[in-house]
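I've put the structures underneath this note.
In the two assemblies presented below, chain A is common to both, partnered first by chain B and then by chain C.
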Partner chain A sequence: MGVLQYVAKRLGQYFAVLFVGLTITFLIPRLLPTNPIDGYIGQIQARANGALSGNDIALLRANLEELYGLKGDVLTQYLSFLKRVIFQFDFGPSFTYYPQPVSQIVFTALPYTIGLLMVSTLIAWFLGNVVGLVAGYFHTKRAASILEVVGIMLYPIPYYILAVTVILVLSYLIPIFPLAPSFPVGQMTLQKAGMIIYNSLLPAITLILAGFGWNILSMKALAVATTEEPYVTYSRLKGATNWTRMTGYVFRNAMLPQVTALALSLGTVFSGALLTEMLFSYPGIGLILRTAASSADYNVLYGAITISIIAVATAGLVIDLIYPLLDPRIRHR
Partner chain B sequence: MAKLGRYLLAPVLAALMGTAAYAQTMTDVGTPRAETLIVQTFDGKASNPDAQNPLNQFTLWRGLRELGWGWLWEMDTSTGVSYPELADGMPEVLNDEYTKFRIKIRPGVYWSDGVEFTVDDILYTLDTSFKYKDKLTFVFRANGYIKEASWTKIDDYTFEVETQQPAYDFNTVMGVYTWGSLFIIVPKHIFEPLGADVVTFKNAPAVTLGPYKIKEFDPNGFWQLWEKREDWQRSAWGNLGEPKPKYVLYKDFGAEETRTLAFVQNQYDIDTFMSPDSIAAAQARNPAIETFSKTLPYHDMNDACSWGVYINQQKAPFDQPEVRWALALALDLQTVGITSVSGQFKPGALPLADTPITGPMFYDPLNDFLNNLTLADGYKPFNPNFGPELIEKLKTQGVPADQLPSGDAIKAGFGAGWWKYDLAQSEKLLASVGIKKGADGFYTKADGSPWPIELTIPADWNKVLQRIGFSIADSWRKAGFNVTARQVDGGEWNTVQQTNGRNELQVNWATTCVYNANWTNTWSALNPDNVKPFDSTEPLNGNYLRVTDPAIFDLVEKSRSLEIGSDPFMANGREIATKLVEGMQVINLMNIPTTIPTNNTYWTNYSKADNFYAAPYSWWSSFKKTIVNIQPTGKQ
Partner chain C sequence: MIRLNDLQIGYRIGSRVIRAVDGVTLTIPDGCIVGVAGESGCGKSTLMKAIYGDIRSPMALLGGSIDYGMKGADGRPVTTDTIRREWFRSISYIPQSSMNSLNPVIRVRDQFIDFPGTDGNKKRVLERARAYIGKLGLPPEAMDSYPHQLSGGMRQRVMIALATFFEPALIIADEPTTALDVVVQKEILMLLMDVQERMGNTILVVSHDMGVHYQVTDKMLIMYAGRVVEYGDTESVFADPQHAYTKMLIDSLPTIGDDSMRGVLASAAGAGGDRAFRVEPELIEIKPGHYVARPSLAGVAA
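Let's look at the complex of A and B:
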């Protein structure tokens, strides 16, 4: 298969995945047992202590259907949705926070989500793989077992418990990080950027600890298996150093599934980290998604999920495209 | 290497700890802690922090209602009586039908940008509300209440206006009834130049009428900082006295776990709806943290609404009063209250909260009714000793005697009584309509088929009610009702509330919100237009009790033309309450236990049971009373 054919096939799959993803994204929220208009009317009716007349509510309902774009049958709404999303990348207004555009809600939160999760995922991946590689390559040594124990200890701790423990230790017992920090506002300065980084350290440490263990264990298992491969033995017999064998032979082969896992993890970054946001008062898209789901705010759900779908699909595409560079065997197929 | 590590780490740690130490005297938004009142937000994080246009859905829980907007009339929440705020006196009624009013406003009130507030602002708000009513989402109240184009400017401080119907509640619709008004005045000089763009205008930061102005807000929705205006005296409520804090910070401190830790660390002063367990844990570590009352039930019980089990009365077999009474008598509310809220609750048998305001209007006059109430078979269901019995149970559970009320305080703390817990009578009532227990120990329908019952309860967005809901289901299951508690998110909650087809039983509060003499504010929705078939998916528009009784509808209708608070008006309200009770049309449970612990480290003299000057809620507009009454402790 030629390179162009390979790329074209992958691109075709990519767009097919996007189309199916968008369609499912459109349909799923409509199966929710919640109606956004009922939700809003319920809220305002409560605020009016039930004092709105039937006519007031009927008028409001008609207005909201119009404003929310929920008039017409589902097919018409679906085609309108595809047209807006594909050609204008416009998700319309939030229902819950009308007339706030979805794009504003999502794009205000997204940099924080990406900044925290991307960096912590990469660090956890890098550290975990390095430790796992050393533990796996030197698996007969006692020190390697200790490294493995670190992974075994960290991996099964539920994230919630880990996060609360980190908060207790580093924000309460030894209060070097703030509980519920306030992120600075206004024009960005070096000092404010430093503040944002400082405020993000605690959730980042927790996420790294949480991701670290799995990477150690998986890389260690891969490294142990790879170390036993004949080509590693052959390189040792040829006189290659430990360093060369570990990095050039074991790591290079063991990292392929790890790279795939990394790419998929980076793709899911866009759906946020709900628990992290709740426990660390960290701005991000997770809480927005949760609120939107509970109030059937279709448009916000569409916006946030579509971005996530695009991110995951793109990560898969990028991996597919760079795999031949990492693994020559694929190039030759 | 280790030495090098220490050299590298030491300055980093020193810098970090320095920052932490600095935060003890300055808030992390850069204001002196001693001059800043810090309040946990009601809704956690806001997703629309820059939505500050009150003609649309706006960011409600960031102090705009309490510190920003000005109201024509405000509510004295210690007495339940309205008083003028922007208005200069109560509305003058111009006709016998009570539909024409003349309103005067106080001269000398200024917006936060220095422009004088006049009648033009009010009339512009009314104009715009009608002109763009199909584009704006928060103007529905005025549109449904005021007669279109009926307003006339008399002078800069006087206008006249007509309502669509007799409006004895004019001051609590166009002003505050409980926590705020739905009629919010906007500054004409800011909005008018925008023309039709007002429908998408965000208005952030809002120009406001209160004595505070918005200094900064977090675009991510975690906090909003208010700064006292230099000209606070000429603000909407500058006449109440000087607001004490120079800054007020509304901030979300996150999940309850982190909130509790932050509260212990004196990072903020007033919490909202912290669970009793967390409060106890925080108090054990910080003696400056206080509840509303030093004795049980500890918390404020004076919310406008009460919690109850709302029943789909049109759906068989709940359409039979015997079944509804059987449910009430099979509910062990003492055990429910002890297991779910540690006994920190105040029950109420009438379909409204039992507060110092509603007590003399409803509970006291109807005490004999409750005590003498007799079911068709001659059974008296009321238990006036509910409170003393509960206290005895709490004593056996180890609650210290000095934390339990005694004498008259028992009634104030634990109410005048509730329904008996009588499983035999419950079974007898069910048997009278053919309902008996099956082989599995659960009641079946009269035709012998299984009778699964669904009780809708809130998910973790209302943790206290969620726990109570589970406990109620447990109590009923023990009594033989095959009840399943189904927890739902807020959105689905509203759908269940609004439709018959989705509801069997739901723990709710939306139509048991009689706050003061103006009972029509919540029960006016009880009318024939809001009766739908038992399986309808049409919205109920406020009749969430699913009342179908024409006698109640008639009382509501007649009361529309009666002066609020007058004897016949109050008598009608009480009669509605008795009819709802006689048919057990709603199983009213308890006042909403509002847990608002405060921290005395930086501020003191909050509104408490023994120092009650206003509802202590930081999310009601009457929070202004707290703002002017608290005192700094001097701690820096």
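Let's look at the complex of A and C:
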């Protein structure tokens, strides 16, 4: 199969996944027995002490249906939903922060989540693999097994306990980081960027510690198995140095399943965002999702979920496109 | 010339020591192919590892010494401790599992230059290697391929190219043809003989296949239980084996047209003949589901 064909096939899959994802996000809220507009009109009616006439309500309903894309039967709604989302990335306004458009809310939060979670996932992957590689390659040496202990100790700690412990230690007992971080808004300056990075360090440390242990254990097991492969033995008998064998032979081969694992963990970045951003009051997609869910802000929910679907599918696509560069056996099929 | 003086190699497992090579003294002259044969566990692989200088825990040199009869880069004679520096310079190795002895994710050419034995000028090495593999019947493009794009025979040719490219004085081939089919086996062996004739190096070939030994080797080394039981010119060893074990090994080869050994268990016959027996055609059920052809000891001319 040629390179172009491979890329085309993978892109086709990518768009199919996005399409299915969008359709499901569209359908699920519509399976609910309640109608958000009824609820909203009820709220307004209550606020106006029932002063709204039947005519006003009909007008209000028509306007709201237009605004929130709830006009007509399900099929009409679906088509206009697809048209708006695909061509304009328009989810309508937020209920809670009316009339701020959802896309604006989501795009403000997105860089925070991607910046924090992607970067810390990548760092955890990289550090974990380096430590795991050394522990696995030198598995007969006693000093190397100490490295593995780090993984064994970190891996089983539940994430929320780890997070609370880190907050307790690094911003209460030893107050290096603020307990209630503030994230500046508006025009980005160098000073503001520095403040954002400083305030992101605490959740980043927690995320790295949490992802680190698993990567150590997994890479160590892979490296131990790869060290026994005939080609590693042969390279040793060729007189290749430890460094060549560890990087060019053991790591190059043992990393392949780890890259798959990285793609999978990048895929769960947004579900991790929810907990992290709540615990650290971090203004990302997770926090928005939570606020929107508790205040029945459907449009924001749509926007945040759609952006997660796109991000996860894109991460998978990128990894799949990189993979053949790492493993020639896939490239030349 | 390589001299082994009362060489003893063992494996230390806890406080136990298993003697795998138990006092071997012999001289291997320069420029000949020596075949090493013997059953599994007789110590031939351990002996090869020791000669190659790959002695790692739990394997240990218990006694004796190896005199390689060559000088290292520093002008001093090479010993078991310094032989590592000669790897893929003046001593090289052809592994058993050619199928997976090449790194699957790195091009063949890069595996010619990723060890210190190679010349510092990588570009020159690659140019010469490209020309060299042509002589071994490989297309020059093989250098730019990944191992999985080559057939088993081509991969073994690459292994031979790697092992002979630096014209080492000694090559150790540990069952170089086991994983290959018969036709490719023959090609590889002919290639090995060819290279040896051209370069005049010494090759130690380990094989279970007595036919291979007969065709390829100049000298035969038969091992049993960590000791050498017979060592001599191949012609002489095959024509007139002196040790009962050597006889058994040679008799295990079926001979076309000779029916005198047919129906007689070769090893039993070789052991002296008194235990030779014929195999009866009927099977007897000795236990439920367990059948055996009852041997008849009567009327057998050993």
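By our rule, the second predicted complex is superposed on the first by the 284 of 333 C-alpha atoms of A that agree within 3 Å, B and C clash if a C-alpha of one lies under 4 Å from a C-alpha of the other, contacts with A are read in each partner's own complex, and residues count from 1 in each chain.
Everything that follows uses one rule, which is that a contact is a pair of C-beta atoms (placed from the backbone, for glycine too) under 8 Å apart; a residue touches a chain by one contact, two chains touch by 3 or more.
Everything numeric here is computed off the predicted structure, so don't read it as measured data.
S.K.: A:Val134 in the overlay: touching chain B, chain C, both, or neither? Say first, second, both or neither.
M.R.: neither
S.K.: For A:Leu266, select first, second, both or neither according to whether it touches chain B, chain C, the two together, or no partner.
M.R.: neither
S.K.: After superposition on the shared chain, which partner residues are touched by A:Leu110: those of chain B (first), chain C (second), both, or neither?
M.R.: neither
S.K.: Considering only touches as defined above, state whether A:Tyr234 meets chain B (first), chain C (second), both or neither.
M.R.: In the superposed model, A:Tyr234 contacts chain C only, not chain B.
S.K.: With both complexes overlaid on chain A, does A:Pro328 touch chain B (first), chain C (second), both or neither?
M.R.: In the superposed model, A:Pro328 contacts chain C only, not chain B.
S.K.: Where does A:Phe280 make contact in the superposed view: on chain B (first), on chain C (second), on both, or on neither?
M.R.: first
S.K.: Looking at A:Leu289 after the superposition, I want to know if it touches chain B, chain C, both of them or none. Which is it: first, second, both, neither?
M.R.: The answer is neither, since A:Leu289 touches no partner chain.
S.K.: With the two complexes superposed on chain A, say which partner A:Ala304 touches: chain B (first), chain C (second), both, or neither.
M.R.: neither
S.K.: Would you check which partner chain A:Ala144 touches, where first means chain B only, second means chain C only, and both and neither mean what they say?
M.R.: A:Ala144 contacts neither chain B nor chain C.
S.K.: Applying the document's definition of touching, compare chain B and chain C: which contacts more of chain A?
M.R.: B
S.K.: Return the residues of chain A at which the contacts from chain B and from chain C coincide.
M.R.: none
S.K.: Looking at the complex, which residues from chain A come into contact with chain C?
M.R.: Residue positions touching the partner: 229-231, 233-235, 237-241, 244, 248-249, 252-253, 256, 326-329, 332.
S.K.: Taking the complex as given, what residues does chain B use to touch chain A?
M.R.: My answer: residues 13, 16-17, 19-20, 23, 27-29, 44-45, 47-48, 51, 56-57, 133-135, 137-138, 140-141, 143-144, 173, 177-178, 182, 199-200, 216-223, 251-255, 257-259, 261-262, 264-265, 267, 304, 461, 488-495, 497-499, 502, 510-511, 513, 520-525, 529-530, 539, 541-544.
S.K.: Can you list the residues on chain C that touch chain A in the complex?
M.R.: 52, 54, 84-85, 87-88, 93, 95, 97, 100-106, 111, 114-117, 146, 148-149, 162
S.K.: How about chain A: which of its residues touch chain B in the complex?
M.R.: So the residues of chain A touching chain B come out as 32-36, 38-57, 59-61, 63-64, 66-67, 94, 96-100, 105, 108-109, 112, 164, 167-168, 171-172, 175-183, 185-186, 198, 278-281, 283, 287-288, 291, 293-296.
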